[in-house]
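For clarity, chains are labelled A, B, C and D in written order, and residue numbers in each chain start from 1.
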Amino acid sequence: MFGAEETIPWIFENVWLVPALPAASFLVILFFGKRLPYKGAEVGIAAVGAAFVLALIATFTWIGDIDNAEGGDESHSEEAAVLRVDGSDGALPVVLTAEEEGDGHGGGPRGAPIVTDVEWFGIGTDANQVTLGAEDSVATESDGASSGFGISIGTLVDGQSVMLLFVVTLVSLLVHVFSTDYVHGDRRYTHYFAFLSLFTSAMLFMVLSSSTLQLIVGWELVGVCSFALIGHWWEEKPNSDAALKAFLTNRVGDVGLMVGMIILYFAADRSFDIVTINEMAVSGEIPTGTLTIAALCLMAAVMSKSGQFILHTWLPDAMAGPTPVSALIHAATMVVAGVYMIGRLYPVFFEGFAIAGSSLNAMAFIGGLTTVGGGALAFVQRDIKKVLAYSTVSQLGYMVLALGVGAYTAGMFHLFTHAFFKACLFLGAGSVSHACHHSFDMKADMGGLRKHMPITFWTFIIGTGALAGIPPLAGFWSKDEILVGAGVFPGTGGNGTYTIPFIFGMMTAAMTAAYMTRVIWLTFFGDYRGHEKPHESGPRITVPLIILASMAVVVGFLNMPSGFVKALRLPEGWAHRFEDWVEPEGVASFVGEENDFTHAKPSLALAIIATGLGITAGLAVWQYYQRLYRIDPKATEYPNGIASRNAVVGAGHRLLVEKYYLDHLYTGIIAGATKGPVARLANWINQNVLDGIVNTAGRLSVGAGQLVYRFFDQAVVDGAVNASGRTAASSGGILRRIQSGQVREYATLMFGAAAVLAAIFIFAV
Amino acid sequence: MFLNQFLFLAAALFCIGIYGVLVRKNGVLVLMSIELILNAVNINLVAFGAYRGDIGGQVFALFVIAVAAAEVGVGLAIVLLIYRNRRSIDVAEANLLKG
Amino acid sequence: MQEFLDTWGITAMVFLPLVGVALMMAVPQKEESLQRWLALAASIGSAVVGVLMLWNFDYDDSGTMQFAVDHRWIEVITARYAVGIDGMSLPLLALTLLVVPLVLIYSWNHIPAPGNAKAFLILILVLHTGMLGTFVARDLVLFFVFFEVVLLPMYFMIGVWGGEQRLYAAIKFFLYTLFGSALMLVSFLALFRVTGSETFNIVGLAERVAEGDISLTTQVLIFGGMFMGFGIKVPMFPFHTWLPDAHTQAPTQGSVLLAAVLLKLGTYGFIRIAIPILPEAALEWAPWIGLLAVIGIIYGALGCLAQTDMKRLIAFSSVAHMGYVMLGIATLTDFGINAAIFGMVAHGLITGMLFFIAGSVKERYHTLEIKRLGGLLIQAPRMGWILGITTMASLGLPGLAGFWGEFPAILASYDPAPGLSDTLFRVYMVVAAIGTVLAAAYLLWLLQRTAFGTPSEEFVDDPEVHDMVFTEWLAWAPMLVLIVVLGFLPSLIFDVTNTPASMVGDAVNALGR
Amino acid sequence: MMFATAMLSSQTAAVTADVALTGTGEWVANGFFYAMAVVAIVAALRMVTTKNVVHAALYLLVVLSAVAGTYIILGAEFAAATQILVYLGAIMVLLLFGVMLTRAKIGHESELDYQQRWLGALVAAGMLAVMSYSLWEAFGTDKLPVDQTPQRTQEVSDSIFSTYIVPFEALSVLLLAALIGAVVVARRD
């Protein structure tokens, strides 16, 4: 597309404006928001809108570059390259280095990442890098000038980040508009918009980061925005509890993030640069063992941020925040940060987990487990948002599963489609609750809403269809691609390693359709069970819904398999567009290694089976509720259901209701123990042992004589008399109870006697 | 590493298990305490295996784990039976051995 | 101008507060407002000289002592008046010059019971001189004198203006620190003897040790004495027990100064004196210092979780945060020492800020019992927000100052100086990283219980509970701005400290272990 | 004391500048072991003292994980994996089901223990004393062999299916019998 001589498009050079706009709007809203006519909302919308326009420009520039390159340069087998720009002088954008390996001739490859860096700070010296024993160890030389390693801050533009730019700005914009109606008259309207802006900015900052250090910064900043927005109504304790839980669970993962990034930093010869790390991971300069440890550490971060099993528990609780926040942060954007990070450092994970190898890896397994475990929990929720939250957990599991089995594009594509239909569903749930007087309880306050709010109903149906993978909606294409990517189904061309994830994926396909049917029925069908008459929401709510729903219909066609395109006689260029645009083929490419990164072959049979499974499961649930409706129009569950008749099913049901007891484990056992006994023990040691030593040292010298007197005279003489009396009384008690017929007492006797006998043998014999 | 540090850990767990068996009323809790005892034994087996460089220790630990699974199954069945017959799983009430 | 600064600059900066003290002595006690103006003028005068020097500081040459003065002082013991500023002391000097005027501004209408502004302000100014002097001293005797000058004002501040158990806390603080100082002095004297040096100059002693053949055991023992002196001041586990008491009992101003500057005297001593002079012994001690540091991190955090008093909780958090600083120092690498200096400044700003807030909360609610507080965001929203930002900074959120002290320290312990065990320090790294989770836990818990929720019934209509007043804004705004600015531009400090920190790191590397 | 020697050896090992495994490895392993041991014992104690049945089960889970950790230290990776799979996966679920099927209260229950706890404690303490004494007498400061390579899974399976084939078969029969027995006992007639 553009070689070393050409200049880089303006937008890629200045893409930092995209996060900068919402950041500026945050400051403006924070300081002047309350004095503005619309209390700051207009600033937020304007800034995010402008950011969206810039993101659109970036997207189309990127697509244009790729398509042009494809036209002129057919061979995709170009060697890797990266375009680097030093932005620190602020002068004309000049390509400083177009690092090309091999015999790069003229034009760079399509999809090469474009890195624009300025130095952030310098720390450390080169001398430190000289390991001892090396020939030229010049250690003490220091000429005064700061000769630190530059640690850079900058932007990295490639298909993946452009895709996320588009998603984040679009969803954020729609959520901003939606919120103006939804949180209208809220006690902290201005702060709400300030934090939405800050979140958008932090998310975009993270998406564009060119270094892992910057990624950590963005990662934590989105976390703190999530904290502030979950706890938006902090007057009520459950909300602030949920916020705390989210932050702390994420902190646990952040330990992994920090350690993992530190390992990578040193492994990549002291570099935070993402492209460098990826290059070194691919070329084998970093030992696989190191990569594996780093990948495992980073996996912990993914588990917490992207709600993977067993660190997912914060995500359903995070629904305590306002609904638009759930749509933006806890469905479409922030929670996919983990998935995004895997994609960013995919070579590290790919090599570290030996994804192309012949054994099941942690990522695919965790993803698979999450997708089923999360889906199962969605069945027992009363709260419509919690169902969607568990469904998000489940779908995030899908993405991780996809990346874990090596289906990079499928994972990213699912991230892309999921953002739209899940945001649509969440906003739909918000609209429903807006109508039902801010209740989210499906069983108590909803039902039969399809007549009262048709727009919400139809958009929700479309979102559900997309989520359940009904063709031709968006979710169908991405989900199918993941199932294909597992490479287990006959004819998809894998080595059969990922059978378990594949089975999990199929199960989820059925479960998703089933629990979403349950939601639809409970919310929109049957008779209305609430109190006052519901009403359709206003245009500021419905328009975003319609836009998102239409996205949920359309975006799936971006990545149709070529076989499908051929079968329908569509132009061949329509096939796998998304793959061409997003999949890295620049430096981060890993083609050509012996552990080859391959694409699976799509299979029509698999698509039919998976869709059929989903539809069957959905119909079964539908039938279940239809029968119930005929018994009692207002009922939401059978009075004497199987869970109350069969003990085993009941126990299983209870296991789900108790969320696998994970919350008991975290809150009751781990947090409880740390906050309670362990912390008290530390404090006790402090007060009594450490402080005690200090204090006693002082006191001993003063009152030693008195102590001796008291102990000898009062305690020993008196105490001996008292103790002998007690002993006699209690030994009589033992003898009286010896013959009681209880197993326990016999056991006590037995063990006691064994101990005594053993003692006798040891000491006497 | 000393051999004894493992043996002492095992002994401690064993005695805690004994304590649990002796003082707990709830049948399920008694079963849990027995699990603790079995685990203590397992630590010993594996530790001695490592000490003597003999794979047998580990093998028997595996056997014990399998037996423990069986034991829990049967034990729970018995607890369930007691519960069904007496509406209580207080092992103190199971005193048919009384002379 | 340059000439004046080169010859008299440091002296003027250090002793201007004492001039202020002399003037205040002459003014009668009842002229309170004049006293305040005098005190503020003295500290600001000192700060102006300081800023002028910062302006004229040659930042490309931050590795060498600038504005250096070396004059004979006590000839009998060959102690000299040797002072200077380099990149290592500069951030800490700047911190001191900033914090003391802010404390004086805060004192404008916050003189704690039993009053007597004159004495109180005089003590702060004496403290000011002591702290500044410690950071500029290049001679061990001079350093020691300034180091000890700090003790007495603090003792009186806690003992007279403190809380209910002020006498106990004050005596504990005094004796504990004095005990450490005594060992430290012994170490200084021993060093002087075994090297056979003619002066107590730090650089001179370091050169002597480097070329002399002092046995490693002697070095380790001497280092041990310094370790006690500095370690108690830091404070390191298990010598920290004076800190919670002193902090809890001290008046707000005392707590702020203690947290912001006084604790740094200990860590500064390590990187300025102990390690450069005795790098070989430092290598021997480093694993142990690292161990105590990570114990301190976890232990301090656990201690925080058990506290019921807001101020005591913040005091315990100092133990944890100084643990990160000490961990950075224990790696003996340029990265670690850079991180340590940054950590000192960040901790000074953040924890100082937290103590300011605690003081203001106490003034409004007359209690710091966490379970009686709540709903600060409703009753005093601005203060609640500031508390929120400060706790976020304290738990090491990137984008705020705390992160740049914590993360590089953790990073540095992945790859400690040659001669130290990588495995051991990597274990420390993981433990320290886990400490960040606990830090988040206790700080957010504090935030939740004090700022969130609704006010408890006893304070709902309390007229004394109001939002921030002007002096509070004036005193806090600079610190808040710095917390945010340093969070985004860590280069402000790293660029200054990098060269001297690298020199320390190189000195350790040069041992060739 | 042990710590000091470990520390010294760790330093000398690092001086030789390779990835030191012997000295520091042992130090790390020891640290890991003691961490595991403390967790195991504390959790076990809480398990037998807690008033909440489900918490007891979860504490047992912690103990079992810690024990799996000690297996790893001892180089018995397969045993550790089995421990996790069988105990944590199967037995814990069984126990939780047991708790729920017997309608035990999930929350606090005051009447979980007998009154005479001290008797049980006495017996347990007595046994611990006797065992500790004899263990100390018998093994004192015997060390485990230093060059502990993890025992490979293949060796384990080889010996199960050759040397220990008879116990293995017997165990299979036992499992079958237990399975049938459990069904028979728990069946509702």
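Heads up, the rule we're going with is that a residue touches a chain if its C-beta (ideal position, glycine included) is under 8 Å from a C-beta of that chain, and two chains touch if they have at least 3 such contacts.
Keep in mind the model is a prediction, meaning the values are calculated, not measured.
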Exercise. Looking at A-B and C-D, which one has the bigger number of contacting C-beta pairs?
Worked result: C-D
For this session: Could you grab the centroid distance between chain A and chain C? Build each centroid from C-alpha atoms only and quote it in angstrom.
Result: 39
Seminar exercise, completed: So, in whole Å, the Cα centroid of chain C is separated from that of chain D by 46
Seminar exercise, completed: chain B and chain C have mean C-alpha positions lying a whole-number Å distance apart equal to 54
For this session: Could you list which residues of chain C touch at least two other chains?
Result: 418, 513
Exercise. Which residues belonging to chain A are in contact with no fewer than two other chains?
Worked result: 131-132, 744, 748, 751
Seminar exercise, completed: Listed in rising order, chain D residues that touch 2 or more other chains are 17, 97, 101, 114, 119-120, 123-124, 127, 131
Seminar exercise, completed: One finds touching chains in the pairs A-B, A-C, A-D, B-D, C-D
Seminar exercise, completed: Within the complex, chain A is touched by chain B residues 18, 21-22, 91-92, 94-99
Exercise. Touching chain D in the complex: which residues of chain C?
Worked result: 287-288, 418-424, 427, 513
Problem set entry | Residue ranges of chain D in contact with chain A within the complex | 17, 46, 52, 54-55, 58-59, 61-62, 96-97, 100-101, 106, 114, 119-120, 122-124, 126-127, 129-131, 133-134, 137
Exercise. If you look only at chain D, which of its residues touch chain B in the complex?
Worked result: 26, 29-30, 33-34, 37, 40-41, 44-45, 47-48, 53, 56-57, 60, 63-64, 67, 70-71, 73-76, 78-79, 82-83, 86-87, 90-91, 94-95, 97-99, 101-102, 104, 109, 111-114, 116-117, 119-121, 123-125, 127-128, 131-132, 135-136, 139-145, 148, 151, 155-156, 159-160, 163-164, 167-168, 171, 174-175, 178-179, 181-183, 185-186, 188
Exercise. Which bits of chain A are touching chain C when the two form their complex?
Worked result: 119-125, 127-128, 130-132, 137, 139-142, 144-148, 216-217, 220-221, 224, 231, 234-235, 237, 240-241, 244, 247-248, 251-252, 254-255, 258-259, 262-263, 265-266, 671, 674-675, 678-683, 686, 690-691, 694
